[in-house]
Each structure stands twice: as structure tokens, then as C-alpha cells.
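For reference, the structure is listed below as C-alpha cells.
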Amino acid sequence: MIFGVDVASMLLGGVAAGMVLFIVSVGLSVTMGLMGFVNLAHGGFAMLGGYVIAGVMKHWGVGFVLALIVGFAVTAVASAVLERLLYARLYRAAELDQVLFTIGLVFMMIASVTLLIGPENQPLRLPAMLQGQINLGFVQYRTYSVVLIVIGAAIAGGLWLGFERTLIGAQIRAAVDNRRMAESLGINIARLFTLTFAFGSGMAALGGGLGAEFLGLDPQYALKYLVYFLIVVAVGGLGRVSGVFWAALLIGVLDFALKKYLPQGGTAFIYALTILLLLWRPQGLFGARSA
Amino acid sequence: MTSPPGGWADHAAARALASRHRLRAWEPIPWLLALAFYFAFPKYLGFGTEVLVTILFALSLDLVLGYAGIVTLGHAAFFGAGAYTVGMLAKHGIWNEPITGLILAALVAALVGLGSGMVLLRTQGLTLLMLTLCTMALLEEAANLAHVYTGGFDGLDSLPIAPLLGRFEFNPLYPRTQYLYVLSVLLVCFVFVRTLVYSPFGQSLTGIRENILRMHAVGAPVRRRLVVCYVLSAAIAGIAGGIWAQANAYVNLGTLGLDRAATVLIILVLGGHGRLYGAFVGAIAYMALSHFLSKIYPTAWQLGLGLLLVVIALFAKNGILGIIEAAARGRRAPRAT
Amino acid sequence: MSAAPLLETRALCRSFGALAAARDIDFQLEAGARHALIGPNGAGKTTFINLLTGVVRPTAGVILMNGRDITGVPEALRVKLGIARTFQINRLFRQLSVLENVYISVAERTGVAPSMLRPAGRRGDVVEESMALLDSLKLTADAARRVSELPYGRQRLVEIAIALGLRPRVLLLDEPAAGVPSAESHIILDAVDRLPREIAVLIIDHDMDLVFRFAQRITVLVSGAVFASGSPREIGANPDVRAVYLGQAARG
């Protein structure tokens, strides 16, 4: 019985962490799949968004939900501007140049935040309703974690619907599959890129804010978790929302389980597993194999 | 049209190709300068040694990145493999002769390169980048876990390295032996890389970088070439790591870290990749700037570095040497239509 | 005189999902042949070349060379067997000189490519052979120039030179005149005319001048299947072919 409770709480924690990973990483996966662009600065948008959310809550007393919306919107707009001005110039560039550009960008993001605000962790106070514990019948667990799971599932469902049922979703899927074909069908690729990039960065901001409770929020956030985001995207397959979802959950649960049962070698295990997975299926667990 | 008497060797194209590898007049200059530095700035020999080791490391990266076109964020794996080979052998009293220690470091790093290269180089793009990152991170974690042997987070210090050739002591306070030792090793490795680059093998690497599908279509065993290149580069990076450990009498996890891997990539790009001397220019420029700025204003340094990278990626993909080349080309044909 | 054909396919098929790009293709290429493959866009001509060179694996059927099954042989090894190709869109080493481009393919063939110690420019044998090859294609004047500086027509010639550097027994030319301005296309036609007689040549092209001038046999491919095959006269006179492809510009 106790074993069952242990496993249940470990699963809940892992799934909650996985949801945060998913929300941040989904934007990265879609833009990489759509634009073929290696965006190592994605964590930076999560960090910036988190700061906006924490900032408006602290200084303007804005409520949590509204702050999340503001964070999403501000980050989406800012990233759209960056995309039009800078990213778009590098779409046809070599992979190396994209890597260098985005590393440079994230350095600038981290340094700016450190200079303007400071290197300390930003506390983010959750509304009272979300604090504490909740009784789920078979186990008692942190309310916030359960809420995260619900939110994550809702977002995943919403995104899936958006991709499958809306016109723009279809356009994105078409362009991910075969950009040239999509262009010849009259789809405005440039506009699609900007919208997708803005949306993906906004999602990252959301993840940064929602996950601040567990992952913290300091300038180094942008690089600290980058490898995890990249692993989730690589394992899940580029441009696949469902792939990212399951990969994020897998990594989240694994991380939690390993922290508990194998605290020494946990990270090494995840790296080794990623290597094996990518060697077995270079396109990711759910990615499309190129013809 | 029949071939000219005496063959085609006199044709402009043939002569251009034949003279590609010839020593240019200015090529001895960096070495003379390095030697002059030894006499002129005896107080800065520690810094100088660090720069020379970095040049060697960046040179090894140029082989895979600049010539074969493999983008990797995990090259410190080989640096660290070499460093820890030297470190562990010395610290645990197994072996501390420097020159043979370097050879062992190169061998171990080459083995790591062979193992990882054979599997990783089946992939490309983001997957390859991720795999190089994960391999290096895995090695770093492994070194951390085996802290009994590797000293874990604190590393291994006060490595008892035997005197060079039995006579020249490695004095940590007056790194005169270290400097000349590293300079000599750098020279040997550079000559090797330079020869490789101008050989038919180097030519085929350029072909793979420029148009990999074409190389497949002319029957080149592409993956085999890439793996060989990767192994050679790993060996040289291992030498760089080993000699770093010997010169500093110290090794720690930083030799395997993302910081070191990212820095060497930035250095190479700053100097100009795919150009033998890019490593030299980049290392000197970066380390001179970093030495003065990053300690005093670390955050401003990060901001400036980030800005530099953005500018390079957008406007100066070929680094400092690229800018110099473009300027030289522009002056040669000022009124080109 | 019926010897085994140099290159042959039997019931060759290739599908990409629901799309059947090659259906039951039976094809023979004799030594020294001058064979043209024509067909409407999307007929599967380039796919067929990709199948012959090993870029793509067939979903069914066999490929034989001199009677030997080479269906499973990978691309790089088929080059060693003597199959070379050019691409519809140039695949050249644009930042290298014309000589260096051909050098690379000759070096691969002669086994010089993996050598690490002597400078490339000092391998006189490879340089001589590369220059002689360029001479046969009238490219010597451009040998020292960077490929990216050449007009497109002459770049297409370099594409052919690279393939010839492999001393192939079978040469597959995928639209050699594609993209070449009409003012320059004669240099391609000239070069194709002067290809060594021993090489079996298969040309894909839409330029009917080229096809009817060059070919001793023509195969028509439509929707991935062989529609008709025969001498230029037979094909030119075939009303179904005219209907499906040749249109008003029919030549006999």
C-alpha cells in the first residue's frame, strides 16, 4: 500500500515536471520542425517571459492568471519582432551560423537581465488557492502539481485540436512536411513562420512562469535547462506536438524516478538513454522518417 | 587538341594547385612572435602557455568543423579525455613521463573519438549536435561519478609530472619549460594538420563539406573519411587536454564541460574556421580580451560576447581572417563590375 | 549479336507511400549504347536514375550489371563498378577551381584520395589526367577559375567532366542541358556527341533536338511505367507517343 502511494506521488511529480517541460518545449519543436532553425535561445524566451510574469505580479499586483496572459503576449510580440528583424535573415544560413546567432542572443538575454535586475532568483508567489495540498483519494499531493497536470493536459489537447482542426494548423503541418510544396499551394510561409515563432515563444514564457515554482527563475535559467528542452525535442521528433508531449512526460517521470532511486547516476542515465534513443531512431520517437 | 609537350604541369591551374601547399613568406612569423614572447614577457608565460594550448585545441576543432563541416558542441569530451588520462596516471602513481603521457592521452582520446564517431556520424543536423552534446555530458557525469579515481568535482591537483626529457622541471611558478614544451608540441601538431589539409585526404574532406551528395556520387566512402577525420581531431584535442593537465599540474571537470566546448567553438569562429590560422587569431584575440575584461566586468563581458556572436553570425561568418581576406580581395579589384 | 546487356533492370518497382514512382520497368542498356529516356514531367525518370545509381532502393525487381545482381549494392560501390551520373541541378564544389573539381573524382577512382602525407598538387598523375579530361571537354581555359564564376552552361560541362573522371562504363546524364541558356546549349550537345564510344550513355532530356540527334534507342516513360521503346524513327512515328508527349513539335 505504501509502495503504491510512493509510486503514485513519484508519478504525479514526474508528470507535473513533464508538463512544464512540454509547455516550454512544444514551441521549440514546432519552430524547429517548421523552420529547420536551431534555436538555442528558446530557453531565453522562457526566462524572459517568467521574469515578466513575476515582475507584473510583484510590482503591479496583477493576479496570477492575468500575469500569465501578459507574459505570453509580451514575449510573443517581442519574439515576433526579433524574428522579422534578425532570425529571418538566417533561415537559409548554415547550421553553424544559426547555432552561433542563438548562443549570442541568449548570452545577451542573460547578461541584460543580470545587469538590469540582478542575478538572484526571482520568487513567484502562487495564489493562495494553488498552494498547499489536495486530497486525491489515494494520495495527498501538492495542489500546484495537480493543477499543472490539468493545465498541461488542457494545453496539449487544445494544441492538438488547433493543429488538426484549424486552417492554420493544417498549414503548419503541411509546411513542416514539405515546405516547397506548401509554398506552391499559396501558403504565406513568412507570415506562418512569424506567427508560429511568436506563439512558440509565448508558450515558452508560459512554461517559464508556470514552472518557476519548481525550476526557479534566475538569469541562468535560459541555459541551465536548455539541454533538457533539446533532449525533449530531439526525442519527441521535430514538429510533432504529440511526440513532444510524450517525450516530455517520459523525461519528467524518469528524472523524478531517478532522483529518488538512483540519485547519483540519474543525469548520466538520461544522457545515455537519449544517445541510445537517437541512435536507434534519429528522427525521434515520433518523428517522421525522411523518405 | 593534343596535350602539350611535357604535359599539363605548366598550365596555370596545375601550377596553382601545385603551389597551394607552399610555405608563404609570412608563415614563420607567428612562430617567431611566439618565441619572441618567451624572451620579452617572462612574467606572462603562464598566460602565454594557456593561449598556446587553446590554439592547439581550436586547431583540432577546425579539422572537424572547418574542413569536414561537422558542427559539434561536444569537442571538450576529447580534451577532457586526454587531460584525465594524464591526470589519473600521474596522480595514482602509474605513469608521469610527459611525452609518453601525451601519446597515451592522444590514444585514449582517439579511442573515444572512434567509438563515438562511428555511431554519431551516421546522423546529421540537430540529431548530431545533440549527440555530441550528450556524449560529452555523459563523460562529464561519468567523471563525476567515478570521483574515487577522478577527484570528482574538485578534480586532481598537484599532479607529479616528471621533468621533461629528464632535465627540465615543470615549475608551476615559472612556467618557462611549459611554454617552450607546449610551443614545440603545437608546432609538431600544426605541421601535421597543415600537411593533412593540403593532401588529397584534406581535399576530399573539403568536398564532403561543400557537397556531400556529390561525394557520394563519385564513390567516396564518406562516413569512413569523416570518422578518420574525427579520430585524428580527437587525438589532437586529447594532446591539448593532456598538455594542459601537465602544464597546470591539475585536472578537473571543467575540462569536459559545455563551457570549454562552447568557448573553443566561439574562438575558432571568431578567428575564421576552415583557415589554418583562424585558431591562432581567434585564440589570441579572445583570450586577450577575456583576460582583461571578463574578470573585471563579467556581465558586460557576456553581453559583449553575445553581441559579437550575433554580429559574426549575421555579417562576418568567416571571422577575422574572413574580413581580412575580403578586404584584400576588394583592394585587388577595386573597380570590379 | 546478343550478349548480356551491360546494365539491365527487370520488373523494377519503387513506391513512395501511395505514389508508384516506378512500375515494373524492364530496361536494357548495351555497351556503347546511346539511349534516351523521355517522358512527361513527373514520369519517374529521375527516380529511375536514382534506382540505377543506388541512391534509392527498389521496392521490387532487380538490377543487373553484366548479368550480376547489383540490386543490394550501395551507391558508392556502384561507382566502383562503373556507373556514374550527372545531376539535373548541378552538384559541384562551387568554391573550388574547375581542376580541383575533376581532381576530386579522379583521385577517388585512382585510390589517391585517402592519402594524407603528400600534397594534392604534387600528385602529377592525377593532375595530368584531370587536365587531359578537361581538354577533351574544351574546358582548359577555365581550369583555374572557381566554378561559381563560370556561366551556367560551362558549369554543366564541369558536371559531366566530374562524371567522366570516374572512367565509367555506364554514364547516366540527367537533363544535361537543363537550365542552360539556348545560346550556350550547343556546348553541351557538342560534348555529348564526343563522349567516348565505349561508354554506354543514357540521357534524360526534354530537348528533342538533343534526343533525336543523339539517341540510337529511345524509351518513353509515363507515370512510372515504360510506355514505349524503340528506335527514334519508331518512336517519332508512334501516334500514342505523339499524343501523350511529343505534341505538335513531333519529329520523325
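Every chain is named by a letter (A, B and C) in the order it is written, and numbering of its residues begins at 1.
Note that a contact is a pair of C-beta atoms (placed from the backbone, for glycine too) under 8 Å apart; a residue touches a chain by one contact, two chains touch by 3 or more.
Everything numeric here is computed off the predicted structure, so don't read it as measured data.
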Label of the chain whose CA centroid is most distant from the centroid of subunit C: A
Based on mean C-alpha positions, which chain is nearest the centroid of every protein C-alpha shown? B
Distance from subunit C to subunit A - Cα centre to Cα centre, in angstrom: 48
Between subunit A and subunit B, what's the gap in Å when you average each chain's C-alpha atoms? 34
Measure off the straight-line distance from the CA centroid of subunit B to the CA centroid of subunit C, and report it in whole Å. 41
Seen from subunit B, its contact residues with subunit A in the complex are 65, 71, 73, 119-120, 122-123, 125-127, 129-131, 133-135, 137-138, 141-142, 145, 262, 265-266, 269, 273, 299-300, 302-303, 305-314, 317
Interface with subunit B, subunit C side, in the complex: residues 53, 55, 75-80, 84-85, 87, 91-100, 103-105, 107-109, 112-124, 126-128, 131-132, 135, 138, 140, 143-144, 162, 165-166
Under the definition above, what is the set of subunit A residues touching subunit B in their complex? 32, 38, 86, 89-90, 93-101, 103-112, 114-115, 227, 230-231, 234, 238, 264-265, 267-268, 271-272, 274-275, 278-279, 282-283
In the complex, the residues of subunit B that touch subunit C are 1, 3, 7-9, 11-14, 16-21, 195-196, 198-204, 206-207, 210-211, 213-222, 225, 228
